[in-house]
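Each of the next two complexes has chain A plus one other chain: chain B in the first, chain C in the second.
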Partner chain A sequence: MIRAIRRLGGMLLTLVVSSFIIFAAMFAAPGDPVTFLIGNPENMTPERIASVRAQYHLDEPMLLQYWHWASGALTGDFGQSFHYHQPVIDILATRVPITLSLVCYASLLLSIGGIMLGVLAAVKRGRPSDTLIVGSTTLAASIPSFVLGIAFVALFAVQLRWFPVAGAGSAGMNRIYYLTLPALTLAIGALAIVSRVTRQSMIELFSSDHVEAARATGLAERLIVRDHVLRGSWGPIITMVALVIASLIAGTVAVETVFGISGVGSLLVDAINTHDFPVVQAVLLFMVVAYMVVTTAVDLLLPILDPRIKQKGVSA
Partner chain B sequence: MTALLTPHKRVKRRRTSAVGYWISLGFLVLVVFAAAVGPLVAPHDATEIDFKAIWSGPSGRHWFGTDQLGRDLFSRLVIGTGETLIGPIVLLALATLIGVTLGVFAAWCGGWIDTVLARITDVMFAFPGLLFVVLVIAVFGKGPITAVIALALAYAPVIAKYTRSLALSEIARPYVDAYRVQGMGGVGICVRAIVPNLTPALLGYLVVLFGETLMSLATLSYLGFGAQPPSSEWGLMVQEGQAGIIQGHFLPTLVPGAAIALVVIAVNIVGVRVADRLLAKG
Partner chain C sequence: MKKSTHTGIRVTIGFAAVAALGLTACSSDGNSGNEEPQALEAPFAAATPRAAGPVESVTWMLGGEPTTMDADIDATTADDTILANTCDRLMQVQPDLTLGAGIASSAEWTDDTHVVLTIRQDAVFHDGSPVSTEDVVWSMKRHAAEGAAESDEYQNVVSIDQTGTDKITVTTTQPDAIFLQAMAGDGGIIWNPRVIEAEGDNFGSPSSASACSGPYQIESWEPGSQLTIVKVTNYWNTDVQALAERVVFRWADESAIANSLKTGEADGAYLENAGAAVAFMGSSDVSVFQGPSTNAWVLETTDRGALTDARVRQALSLALDREGIAAAAFSGLAQPWKTPVGAGAWGYEVDAFQQAFDALEGAPAAPSADNLEAAKQLIAEAGAPSAPLVIGSNGSSTHNVIANALVAAAKAIGLEAEILVVPQAQYGDFYSDAELRGQADLWPDEYYISKNDPLGFYKNGKSTAGVNFGVFSDPEYDKLVEQGYAATDDAKRAEITIELQKRWVENAVWIPVVATPATLIMSNTVTGVPSSAAYIYYPWAVDLGSSKE
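The block that comes next holds the complex of A and B.
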């Protein structure tokens, strides 16, 4: 319980500091924040300056400005987008579901694929199929996601016409169909780390006493793997899968650009290109919060799933 | 049975990984050579536009074909090698300078300075992936120099954390006390004794990091945040060639894309081995 409160407190502190960095970054830009926020000198009309000053409360002390911005963000008010001329929260609301479905789809693929490959490699440890799995997943992790994505588009969308070239589709099955290639692209880079952790923690358990005892009682190897080896390895596997999923949210920036998906990641790229700083701030804050929520949630849930951790105490 | 089989297998596996190592090393030597003399040996200029040969396939005149402006892909690839490789090297050098300084400083001073530096690293780790870099680029504008400096700042905490853990065990060694008894100053001991002793382990880590930084920098260029046209940096080449994909012109984007992937794979294969050697020595 005390651990949970400490962990949540730590998360809140990091959140405050990182949100302050996201907010205060504009003051690091050379020149007046107003000129930075407006960007294009052609837009420098007195009304525009006044509206930007009002949106960011630029006439008040900096800490108060941050307070206005942060308390607004808590209630979902990120101000007006300079480029789209509508509330930032409305833009986010249309984009977030697409990115989340992409991340969920990719997470599903990478946890199933990664754990299966890891189990296979651990069971066949030292044999050619183990070497093949470890080697090919490591190779796959060395290919940047944007290169892999473009290769997929060229092969499966343009050449074979199995999948659409771009877009996120409408709702339901159509969306799953459209998001298959992007989700695969996101998942493949992460397969290596998930399968390696699965393999490693299982191999350690294979040589432990209770597995030896189970084997001595004459249990089938299949049951030993399922009930004694894999069961004991869930802790590190879940931790790693959660870490990977958390970082996938940031990984969508490149993949959404490759596949022309209008999610949060491509919104970030567009916002930087159009100099739309309120949107940049909102997207960055969303991604950092999502990352922290996932990692903290796993840290808190893990002792419930695996009581051994509670006794040992987690270092982290 | 297994006892008899194992040695045989191990020998076999070593041999294949050695073949991979030598192929990768040979490839990297070729790439470094291209980076050094690229503009001299390229058959065409990187910006030589030929509207009669737009999106032409591989031929004797254009080995890898041409792009959407009829520019020779092979020449652009070779000329772009230098810029593609120098970015990660500069950023790692910068990140190492900052990271090692902070890491050794934190390990040497301990106490609240160590705690403050650890907190700063924690906050940096709260920005997953390239998000910190994207924030810096949003504020200071796009461009290769901003991208390199931003990535260096993003990688510095990683190196600082690693250096700190290495330095802590190094500082605990008796020779440090011996220097102190001789009256040598803290900075002197750190610069002249501790940092040189950390170098092998640190170099091994940097080689492993190189592939990752090359991917990050290429990704930034692909997104349009790093190298700017008319540069032929590989990530930017992938982005410029992407428009041709839908019309079935794959080479302008897949050639530089494959080049990035191959270099990263080769660096990783060579890097793991070099890191092992350096660690064994240190």
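The block that comes next holds the complex of A and C.
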């Protein structure tokens, strides 16, 4: 119980600190939101600038502005977007599901693909297929996601016309179809790290005593791999997959822009460029929360999968 | 005027994507990519060929997500592209950018400070209620209210009064010849007060009801996904027979727009950056059209140092290679230009403006030996500045090309110049932040005006104008601007405006670079829409139809 409270307290503190850092960073960033709020250069008279500043509390000291924001956020009011002139919460509500489906789809692809490749490489360790897997996934990881995305669009959408070039589609199967290329783009970069961790932790176990013992009993190699090697390796694999998934949410920034998806990633890019403070603040906090949720979920999941782990965790 | 907001990352990714697109295009048709870059040409007209028949559904791409349908809060280009079809205005811009009648069947200046509008009594809002003269007065007052986005259009207006069943008299403090032009823009939208009052703060949001009376209305708006407009059944103006039943708007960055057109997922798009149309030159499925707009790239000048001397500005203008810029930054889809505002501003007396434009000197397309000699002479007279010139840039490829061309121009006439890169998000602050302006002598930017009257631009040369950053002051010029505003007669106003244009260009207040026409990419299956900048105010979807019967 105390642990849970302490943990919750830690998360809250993380939120407060990160929200403050984000706010301060936006505040210090070059560029004046007033320029975007007025828009028309011919209207940028000193009087108009002053009145817009006052209207948006931009003339107040940073701490006071932060207080305005934080007190609103506590009551669930994240303010109005400077650019969309709609409540930030409404804007996020339409975009979060799109980004989450993209991240879930990509997570599924990278965990299944990464773990399978890792198992294969571990079983065939030292053979050409191992080298091929390690080499090709490392190569794939070295390609920035927006370059890969552009190449995918050019090949699979424009040239072969297998997939749509832009958008997130409507609900259901249509969405899965639309999100396949973006999800692949996000997942491919992460394949290397997941397959490498899987391979490494399995190889270590292959030479451990209990595996040797199992082998001595004449158990089939297939069962040894499944019940003794892979089972013992879940800890590091799941920890790594979780960390990768948590970072995918930030990775959507480039991928959503390339694929013309209106999710939180592309929203963040636009909001930063137009100094839309309330939206930047809310999107980054969403990313922080998502990160904490994923890592916490893993901490809770690990002891169930691997009873050896009881009190340790990855923690946010 | 309004500023378009290109975003840095999008520009970068966009170029990479266009390059990728180019690669696949090469591999598919086997052309070699080593040919010299050539200046491309697209048909230039006010409108695309007439449609042959109606069309059920058209998918149209926007450069950004619509934000709000309340134009009094703000209207981006994406918002305007939709509002143009859903809302009627007091006046209406025509595809050729001249001014036509709208909800006001006629408008007449009775003296210097009174304009009388006659309001049509047969118009009907989307909710079925008639558009009354009171509703029009209410709408104008909403636009004029302090803090409303279009309130600057009403700055000379003292009162708006209903003076008859179908008459409204607008009283101004001083003559304002371009007030009626403004009434064809967002400041002239006629709102349904009952809807706006019922919606309250929700008005303009995706779930809001329509407060307009235009030939289309929003059928559905799924934020983050798409927005659909549908033809209004029994549109009150029976002269207008809309051809497109439904237009589905989607949005993406430039490269995704190009790809959507290429694969046939979308049928058309008005582009914010003409250069992006290059991927379609020579395409058999998609055509590129260009038409008049007021947009022009200019080098805006500050009073930081040497450029307060008109001779230095003139010399730089003479030495600038505008043709080179048009080819390098816009693949030839921009025109070397002698004035700081595009031909789309010539909404009246077009011939007079054209002749005056042709006669202008001081901004050659490509500098000749004589031009360079004259420029060097000017520098010799003015005395070479002690410090190098500083040119602002935000690092985008267009800004960099223009900034580098200016560095080359300066070198050619014996001046030193360097480039100051300012982050994308800060670049707009050149307009609002005197301290930032103090760091550069010039900065390139794309400027446009929302009314089709060059006077609306040249007023910026007044010594008191907000965007005259201290390099130009001429009492006679100031007087001419006032006379221009007083000249409600088009011919007279054109004459005065032409004189203003001459003085502006002679003094190189800002250095004109290239005019960027409105650029449209459209599938060959549909046609009919304007290819001019009229699409932000004129209901272009009514003309959009099938190219085959």
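Everything below uses one rule, namely that the second predicted complex is superposed on the first by the 251 of 316 C-alpha atoms of A that agree within 3 Å, B and C clash if a C-alpha of one lies under 4 Å from a C-alpha of the other, contacts with A are read in each partner's own complex, and residues count from 1 in each chain.
Just so we're on the same page, a contact is a pair of C-beta atoms (placed from the backbone, for glycine too) under 8 Å apart; a residue touches a chain by one contact, two chains touch by 3 or more.
Not measured: the values here are computed from a predicted model.
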Contacts for A:142 in the overlay, against chain B (first) and chain C (second): which applies, first, second, both or neither? first
According to the stated criteria, A:44 is in contact with first (chain B), second (chain C), both, or neither; which is it? second
Have a look at where A:273 lands relative to chain B and chain C in the superposition and call it first, second, both or neither. both
Looking at the overlay, does A:34 come into contact with chain B only (first), chain C only (second), both, or neither? second
Quick one: is A:170 in contact with chain B, with chain C, with both, or with neither? Answer first, second, both or neither. second
Counting only touches as set out at the top, which of chain B and chain C does A:151 meet: first, second, both, neither? both
For A:85, select first, second, both or neither according to whether it touches chain B, chain C, the two together, or no partner. second
Which of chain B and chain C A:257 touches, first, second, both or neither: both
Can A:25 be said to touch chain B (first), chain C (second), both, or neither? first
In chain A, both chain B and chain C touch residues 29-30, 36, 146-147, 150-151, 153-154, 158-159, 165, 254, 257-258, 269, 272-273
Chain A contacts chain B in the complex at 14-15, 17-18, 21-22, 25-26, 28-30, 36, 126, 131, 138-139, 142-147, 150-151, 153-154, 158-159, 165, 246-247, 249-251, 253-254, 257-258, 268-269, 271-273, 277, 280, 284, 287-288, 291-292
Per the contact definition, I'd like the list of chain C residues that touch chain A in the complex. 1-3, 5, 7-10, 13, 16-17, 20-21, 23-24, 28, 64-65, 67-68, 70, 73-74, 147, 152, 204-206, 222-226, 250-253, 255-257, 259-260, 262-263, 265, 422-429, 431-433, 447, 460, 465-467
Going by the contact rule set out above, which residues of chain A touch chain C in the complex? 29-32, 34-36, 38-45, 49, 51, 55, 83-86, 90-91, 94-95, 98, 146-147, 150-151, 153-155, 157-159, 161, 164-168, 170, 254, 257-260, 262-263, 269-270, 272-275
In the complex, go through chain B and note every residue touching chain A. 6, 9, 13, 122-123, 126-131, 134-140, 142, 211, 215, 218-219, 222-225, 235, 238, 242, 245-246, 248, 250, 253-254, 257-258, 260-261, 264-265, 268
